[in-house]
């Protein structure tokens, strides 16, 4: 046992000898943290787990957002048209509305991770990382669609009823009023919430590790399971997510300010 | 009281199943060098994790006085990943298996009360480094990388890594694994071996799919999402028995020793554990426990 | 009365809560071309509901609204076509905040009457000049005062060249000093023989401009006569007590 211990100390000592003198004279605790940083990022080119994983995380997030917005708009339009129908809505619309409601109930009523497990192991059974990414993206998109639909619906509902009445009184039909008057105003209320959804999505994609997707979180897990540098690996992981979220938040606030300025 | 505990345990298990993907991130609260410290309080950890009291505090135990070598006085906290039959798995609400029984016997020898915390495999290893558990027993194989961050006792059991394939698979020996999609449990030695570069005897990261538990990897195998699963022999037998249409290749993938992992530098605990293991081996307890679970 | 029939209202009913609340309880009247009908009454009398039923913003529970000979309460009728000929002005202006004043005025003629941008803009500018706001064409609604907003709302409706204009308490949300400028525009319109139905609390306007005043109470027409008769010789006690409060 002691020989093994020695060998390890040698390994760390060997690494230490390549470092600047201030670190060589630093307390052992500091040296340890730096050695963990070295093990986490540099040794065996481990950083590529983070960069490769980051690519997968970003692809899954953006793909899911696109799917989510498409589904969200469709559902919101179906639901709003159904609810604002003057007469009894046609059968097709009523069926679509019922399906939309079912979708919203199921997606919002079950945990993300369960949806992912079902999509992966029962519905899509993906093979290989490429198919896994597709499966995860579709699942996150389906999940996000339900939330985006409600974001859009509440954005539409936030517009004063008088706007709809003014549009209709000029002779616009329901669809035209939506298109020219309600939606352009609603978008200002929708975009910030959509931005939050994007941030939520980015963080939520980390649950795809359970189906074996090599995303950012998985990258850190792999490093931990080879080096056992738990502390530094997971804090590095958290830092990467945090930087991403902060960058997104900043972008969104710039975007929002632009939107507001266009009004004045 | 007992009933309440069981309910809480059941709830926590449920929560952990749902939150499996993120549970491993709870360890980052430590602000000190994880590999060195073990004075972190275990209170939060103990509350969060499933608690199982397997052994009662037996003060009549003969030798090996536990002079406060553990995190909590009178307690021996073990972290594990209870999806690994027959080493550790749930029988009802209780974690049982070779590791659980050996741990109970060790605790008995040391005059301590055993508490088992169930978590994911990676987290179970990390828990001893971050001071959330005294020891990890989860069919842990000793590897150089692991030794760099934790200390290990002498081996108490031998594990064999095998390959599970569908009965009609064209993989007939481990020589056929090249270029196939291999399923593993994240962080296990099977994962480490297979993920290594071909020059080092592995199959390359891109050919290995890492699942958070063995059963998920086997499920993926059944679905055709992977071509084979490399995993420890004993759980493999249990999985194959439970899933018709799967078989274990005759050739072994690797043979390795299981040991108990403790925080690096905790020699007092390490010695105490080694002494206890030695006694258990010489009085035949170890063989008896293994024989209970593994019938050749 | 002069001119041909513009709107004929037959036994109009509007019930809420399955008939428990009767907002309109059988209203019948005829509005001729060129008439200025002012609808007065206490709050909750159903006067706004009556006005909103005329272009079906409010769906009547029973009765008919016949506009230029077409029963627009018939479900088979495309109400959107007929609404183009019925301009409406709201208490809260309801300008489109995301569009310039000019765009507010031109969007409907361009999209619905297929006018060219030039044509629509020319008409809009002519109307803006009439209300003295041509210099605000490129402003946004948020930059205007309440009185200006309401004048814009009136000319926005006029851009569709409607046959009749409906006013739903157009001065109620205005600061007192701005009421005059809006009433002035409405007076001008009346002098140009625009058919108008006006729900208002401005009794002065009713006396001066109305060709006919309808007094509604509890969803019924209580009195329907010339302003002179209504204000000088009220017959019913309800109208008398109403006038005593507002004059």
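Each chain carries a letter (A, B and C) given by its place in the written order, and its residues are counted from 1.
Here is the rule we use: contacts are C-beta pairs under 8 Å (C-beta built on N, C-alpha and C of every residue); 3 or more make two chains touch, one makes a residue touch a chain.
Predicted model, so just to flag it, every value in this text is computed and none were measured.
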item	value
Chain nearest the overall C-alpha centroid of the shown protein atoms	A
Maximum centroid distance from chain B, chain identifier (CA atoms)	C
CA centroid of chain A to CA centroid of chain C, Å	50
Averaged-CA centre spacing for the pair chain C and chain B, given as whole angstrom	79
Centre-to-centre distance between chain B and chain A (centres being mean Cα positions), rounded to whole Å	32
Where chain B touches two or more other chains, by residue	none
List of chain C residues in touch with chain A within their complex	55, 57, 59, 75, 80-81, 83-84, 86-88, 90, 92, 94-98, 107-108, 111-112, 140, 142-143, 156-157, 160
Residues on chain A engaged by chain C in the complex (per definition of touch)	86-87, 160, 162-163, 165-173, 176, 180-181, 184-185, 188, 263-264
Touching residues on chain B, where the partner in the complex is chain A	18-22, 24-25, 27-28, 30, 32-36, 121-122, 125-126, 129-130, 145-152, 181, 183, 186-187, 191-192, 195, 206, 209-212, 216, 219-220, 223-226
Chain B partner contacts - residues on chain A that touch it in the complex	1, 4-5, 8, 11-12, 28-29, 32-33, 36, 111, 113-114, 120-121, 125-129, 132, 206-212, 214, 217-218, 221-222, 224-232, 234-235, 237-238
